[in-house]
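Let me begin by presenting the structure, written as structure tokens, before commenting on it.
A, B, C and D label the chains in the order they appear, each numbered from 1.
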Amino acid sequence: MDFDLVIRHGTLVTAADTVESDLGICDGRIAAQGRGLRGSREIDAAGLFVLPGAVDPHVHLEMAISTAAGPTASCDTWATGTTAAAWGGTTTVIDFVEPEPGETLTHALAGRRAQAEGRAVIDFGLHMTLSRADHDTLAELPAMLSAGVTSFKTYTTYSGLKLDDAGLLSAYHAVGSLSGLVLTHAENDAMIQEATRRLRQQGRTDPAAHALARPPEAEVQAVEEALALAKAAQARLYLVHLSTSGAAQALQRAQAAGQHAYGETCPQYLLLTADKYEGPGFEGAKFVCSPPLRQAHDGARLWHALATGTIQSVGTDHCPFNYAGQKDLRLGSRSGVSPLPAFNEIPGGLPGVETRLALLYSYGVRPGLLSLNRWVQVCSTNPARLFGLYPRKGTLAPGGDADVVLFDPRREVTASKAVLHENVDYSPYAGLPLTGYPVTTISRGRILVQDGRWLGAEGGGLYVKRGLAGTPV
Amino acid sequence: MDFDLVIRHGTLVTAADTVESDLGICDGRIAAQGRGLRGSREIDAAGLFVLPGAVDPHVHLEMAISTAAGPTASCDTWATGTTAAAWGGTTTVIDFVEPEPGETLTHALAGRRAQAEGRAVIDFGLHMTLSRADHDTLAELPAMLSAGVTSFKTYTTYSGLKLDDAGLLSAYHAVGSLSGLVLTHAENDAMIQEATRRLRQQGRTDPAAHALARPPEAEVQAVEEALALAKAAQARLYLVHLSTSGAAQALQRAQAAGQHAYGETCPQYLLLTADKYEGPGFEGAKFVCSPPLRQAHDGARLWHALATGTIQSVGTDHCPFNYAGQKDLRLGSRSGVSPLPAFNEIPGGLPGVETRLALLYSYGVRPGLLSLNRWVQVCSTNPARLFGLYPRKGTLAPGGDADVVLFDPRREVTASKAVLHENVDYSPYAGLPLTGYPVTTISRGRILVQDGRWLGAEGGGLYVKRGLAGTPV
Amino acid sequence: MDFDLVIRHGTLVTAADTVESDLGICDGRIAAQGRGLRGSREIDAAGLFVLPGAVDPHVHLEMAISTAAGPTASCDTWATGTTAAAWGGTTTVIDFVEPEPGETLTHALAGRRAQAEGRAVIDFGLHMTLSRADHDTLAELPAMLSAGVTSFKTYTTYSGLKLDDAGLLSAYHAVGSLSGLVLTHAENDAMIQEATRRLRQQGRTDPAAHALARPPEAEVQAVEEALALAKAAQARLYLVHLSTSGAAQALQRAQAAGQHAYGETCPQYLLLTADKYEGPGFEGAKFVCSPPLRQAHDGARLWHALATGTIQSVGTDHCPFNYAGQKDLRLGSRSGVSPLPAFNEIPGGLPGVETRLALLYSYGVRPGLLSLNRWVQVCSTNPARLFGLYPRKGTLAPGGDADVVLFDPRREVTASKAVLHENVDYSPYAGLPLTGYPVTTISRGRILVQDGRWLGAEGGGLYVKRGLAGTPV
Amino acid sequence: MDFDLVIRHGTLVTAADTVESDLGICDGRIAAQGRGLRGSREIDAAGLFVLPGAVDPHVHLEMAISTAAGPTASCDTWATGTTAAAWGGTTTVIDFVEPEPGETLTHALAGRRAQAEGRAVIDFGLHMTLSRADHDTLAELPAMLSAGVTSFKTYTTYSGLKLDDAGLLSAYHAVGSLSGLVLTHAENDAMIQEATRRLRQQGRTDPAAHALARPPEAEVQAVEEALALAKAAQARLYLVHLSTSGAAQALQRAQAAGQHAYGETCPQYLLLTADKYEGPGFEGAKFVCSPPLRQAHDGARLWHALATGTIQSVGTDHCPFNYAGQKDLRLGSRSGVSPLPAFNEIPGGLPGVETRLALLYSYGVRPGLLSLNRWVQVCSTNPARLFGLYPRKGTLAPGGDADVVLFDPRREVTASKAVLHENVDYSPYAGLPLTGYPVTTISRGRILVQDGRWLGAEGGGLYVKRGLAGTPV
């Protein structure tokens, strides 16, 4: 056989295997695993891990929001955000479509897809957000599946997005009956509104109040409710960005009783804690995201849940806003009258699309919390399988897209704004030492990053029509 | 490349992948995955699953025991038992060494290994049983690891085998400090002795009393205790043949708290229930094993525990005794004075080494309780990884032993003594319809079974020196 | 001392004591416990238990509802219902005020109180139902407390009554900040609506579908939600008529974490199971109540929860409808076109105000599930304490109202329509043998029932202004 | 009526009632509750709580032990210890009989009783310790019951005392079949031995190592085991001095499943934490007791378990050793060679018999963790009921012994060696401010303490033959 590209002498690390083998690539796809393969082009991977490209199932690029300072958008574009992803070893992202009021799902999908095409440097998929559960909206679901959108996001909080439990149940039922997958952001809105009102009444506006306004119980309650409704609707459920020990326990109980429910957490919930909100001045705002950062014991429990199978997936919820000019901006801020937004006016979201793979290696694999294979499972294989990308993505088995990452387990990097490519003026992980870092990224056989050089091109990434959800490993 | 043997057009099903690919074999090892491979010899696997050979981590061949009728042994020899295993798609078994009182571990290992070599038709490993935890015995552990015995079995019940909790703790500590793996048969002996005494006092001798004599609480208590002691000793623990819902819950709690503890169950606990003991006449004796068969709700919980990662491994605890002449025999039986043994005198153990893969497919994968990949994980990859056989066994990745099984997912078979090759006069699964069955078995590139023909040879199986325990998928 | 009435030689059984003592009564109140007391009038209680009169915290007398056959009302009036209560050993009932849309709480309370006064034969209190949580409604709460209404009922189901979670949280917060007690009927309405819709779509109209339309998960979810909201609002919560094992477990977890939450169950959930809905013809309708009857394992768990303190109170949810003419009636029924109401059109509710004390004794105390004192606690003392009636009610200590019941532990009765005084054409407990029955009932020193004779008078019962909730024993 | 003594104008606080009433006493027994009682002698209790005398179910007076410095004994004698108890509001203690090896239970009981009679100033009972479970020993149980010893202590740790699980099961079975109550000190001995060995190997001798040598898991494991064995044996079980959150949870699970199991904790586990072991110099030794002090979260959970009924009883495990000359003494200490005992050589035990009632009021009732009535339940009524002292003790109902305490809820005291009467040179509670203190103590109508004066007499306390265990409130 003659390969277009052979990655030689590396250690293939996949969801289940860690073996010395070459990897042969033809026509943008994995063609063979074996030793002694030769190709027109060869990369020496001796001493490196050869991974299936990471899949980030939860990003928000160019997401339009309205703030106290007027409309804005998350500050990574399809171009900058996917470039950062590629530098970090991620070769597929799944973002969201959020239809406007009155807009059809079909129209919104077309618009969002058009926005990305020609600009994304890696492949991408789209989840559809269901902020309504009326008959007409749900009647569009089969068309969505045909268009490769097989997963549907619902919210229990945020006005304009949240569904009440009857709405959730209708949505779950409709998605479940088509074998689609439901994603839910689970935080009890009433509890949040009440806590926010009380804190504001007490005069609190500082970022540290953000964590108090969204207590752990709000997540646990909403997770329990979503699980109960999904069970009633016989729908498979994927709970996004779990942040609390209690949520992990509720999910585990449901799974042990046989329910098909899955969980995602994010690096920020594994690694950062609520004391970040106590930072000097307004710096706490850099960490404002929802759900908020929690306590150390939550993180410990989430690591165990990730290791033992209760949580199957790690997304980033990448949704960056510049500290200067977005996080700290409020209508009239410039005039000095009201210099800073209150905790509940700060645009919520953190950057993270570039650091996931390296963070989980340094702080998960190296201390023994995750096996090498589990690391690949949660960062690549499981997101691929759960969101209908497998076997194109998430594997190094023959036939799949040649999305491959070379990871140097000995490379030492300190996270900082300087070393990262995210289009945002800070990193929540700045200062964290990392041992192990991606050095080469390949998307469908095209080398995007190699040894510190950028070789990718805007528009090289394609929209992926996704199939029905599979089972995680 | 030129392969000795190529399996073409099959669907490779591994711990993480399900892909169309050929498989190339050279020198008894997997050489490549890829399409369009050609070899000196080729097997057409179109329409078949191509699996890594199954690994049975728990068998008892030619196991000597004493009974009410005098000394006897489990009735499958190394030759017959491994032959049956091969027919069933199992290419590696791990059996046990049980040193005699006063015998060194080294001597006992040599004897047991000699008994198997030249007779086993597939590869085999050996666990060492620790029925003593004295200084001299534990001082032999490093030699055992050097000899490829890296897992150590302890018992909480059976006189002659059981350790008290101080003994367990010493054994756990010693094994753990060498990074070995402890296996424990966990049933509270005092509870069993007391229940047995009470039942015999009430005049009960029938097989149905067996389940009453070993109540679920006896397992749950001993599992909780073993977990607590292993945590104290910082030893990794593998709990064999879990049979109860309560044990699965206790194990799950420990894992969620971060403990490295693993569980095994067996097909009999997933599929059979205690009403089997109510069979006509003495037929209940066919199902006497320890722990005993339980209730339907236990089986349901065990399936969920297996699917969601609480239980990682399925062994068979294959330990057959003929119904006629072993199960039904008692000293003086022939004279007619005391025709049948009492429930606690019946040799305990079931056959099962041949049926595991097919049972788990028909009753696990087909109804959706397990994914295809999870099936491979629990029957092959995880036993291989947990017992230090990986990456030689448990995978189809390049470099591993070419232990390969072709499985026809449409083949229909009804389990019966007639279709099975186990050297015992009954099957506990007789009458169960199966859809999906292994059709070809290959061990290190040697075809043992092909389309109903036996091509294997006694002594073709080799002793495998095992490495330290890895992490299950 | 000289007493108006002395009960001599009985065994006083209270929440904590079981002692031989006389009981002296003056001016309608307990004046003394001691031996050798003499009075103007004396009752010999030798061989009898002398109990504080039972308090039923959950009844619905003359409750107006609308049905498929038009408006109707529960068929026990204040006169008949309280008479039946007195015969059964209950000397205080707490019923509900349900304001009409637009009606103030104050107006509704006055109307409901007027309806009862002059007709009730025993003392009564009133809970206020909050079917709105708007500012004006909540502003009336202080007036309610002044009027002796210190407990407030909320619903998560029933259109016209249910509050969404924001409404619940507002209500809880408002009540909690006044140190009032919130009662919640917890069943997830969306799950019920969806299940009902599906069952009707499948053509189900039979009473047995009632249990399927209100699955256990609907209660468990709503209980978990109510607990989470009450915790957030720092309000004390009393969960009415718990029917499932899962609800008891959720409540226990909350209590163990320090939450002030309480539970009530009813005799029907302890003693009857869902197979009653399978009765011949339309007879299942006799058992239609919400939540529905459950499985035997639920009842077992509820008994244990009652015995060990997780559930503190037993109410009856007495809400009787005649089988003939209410349960079986539908608009047009008489014409024969649509002879019977569908399961979700049957007026929901069971009689039970008369049988509680005897049922709990026969099926709780006698088999050892409850101690004698726990029986008094759950039927009398705890409802009195939780609803601010103590120390007037729920005790035999000096100073309290002389509400006293003489209970013959050896009296044998078979429950039937004939022996009961409830104004309804059936008893769900008909045919149940009882050992132990109340024989004499005294309300504030006035003998209402003595040895089978009725001595009470309509209007003898008074409205009781209740204080703030105390702590149960 | 004419009373010997009337306590006037107080607030009677019992297990279930809090009422204004006088209390009349005749012939050493409670004769009446009521208002306006008059007697030959009267005590004005206006503003005071009138309580049933507290019952301490767990004390060790003059307990002989062997230490590194030779044989010694706990330093409160029957005279001094019961005097201190009386000052603290305790009118009954239950101590232990510990037979010597070879000594019959009968002989040991006679000896221990003789030691106490004529010296105790309050009434006392005796538990029997079973350090053997052989046939002859268990054959003495009926004689013990006849002699008023109805509760039997077993140990899972301490050489010379501990039973293995077969021994425990035999003991439980024997006691259970006679309807007796089993007490168990539950800590896994093997785990303790192993941890101790390891700590000593590491050179640790300091008091702080004591807590590490007896880890929480050792208690939890042994509690789970004792519960499992007691369930198998159908024996009622009382777990002494629970100190961990995990133990409370295990007990709760057993109770929720219907098991008759009870728990005791002690003030030291509710109020003190393991950081006490870090005291200056050797001061940590003052807090050495087994199980050891734990973490703050354990205490929080124990308070909740006590409030919600999982734990029914508070004992003191009063077992004082002087800091100077007992705690700090070692063979050869005086010579200066080895100045101090290692952590595992320090005599284990704390004083506490005098402070229980006041500590639980100040730190349980006042902050709202316990109701007034629950306080009486756990300090008096439940110990009385569980150990067969009721209705003589634990109540103010007519007929019981006139063991009465007047407690001033406003009296402020700071705990110290100076204000206490325990015969030991320190108090672990020294410096703790108390609000609420016992001011008058009456035993069978005899005033022992009144307003700071001691009126009692050695030998005034009598041995109480106890009946079978009742049910706690």
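Observations on the structure shown:
The definition used in the following text is that a contact is a pair of C-beta atoms (placed from the backbone, for glycine too) under 8 Å apart; a residue touches a chain by one contact, two chains touch by 3 or more.
Computed from a prediction, not measured in an experiment: that's the story for all the values here.
Touching chain A and chain C at once is no chain at all.
Under the contact definition stated at the top, no chain borders both chain A and chain B. When chain centres are defined as mean Cα coordinates, C lies farthest from chain B.
The distance from the centre of chain B to the centre of chain D, each centre being the mean of the chain's C-alpha atoms, comes to 51 Å. One simple way to say how far apart two chains are is to compare their mean CA positions; for chain A and chain D this gives 56 Å.
A straight line joining the Cα centres of chain C and chain D is 40 Å long. The set of chain C residues that touch two or more partner chains is empty.
The chain pairs satisfying the stated touch condition come to A-B, A-C, B-D, C-D.
Residues 1, 12, 14-21, 24, 31-36, 248-249, 252, 255-258, 300-301, 303-305, 307-310, 371, 373-374, 377, 381, 391, 395, 397-400, 470-471, 473 of chain C are the ones touching chain D in the complex. Of all residues in chain D, those touching chain B in their complex are 164-166, 168-170, 173, 188-191, 193-195, 215, 217-218, 220-221, 224-225, 228-229, 231-233.
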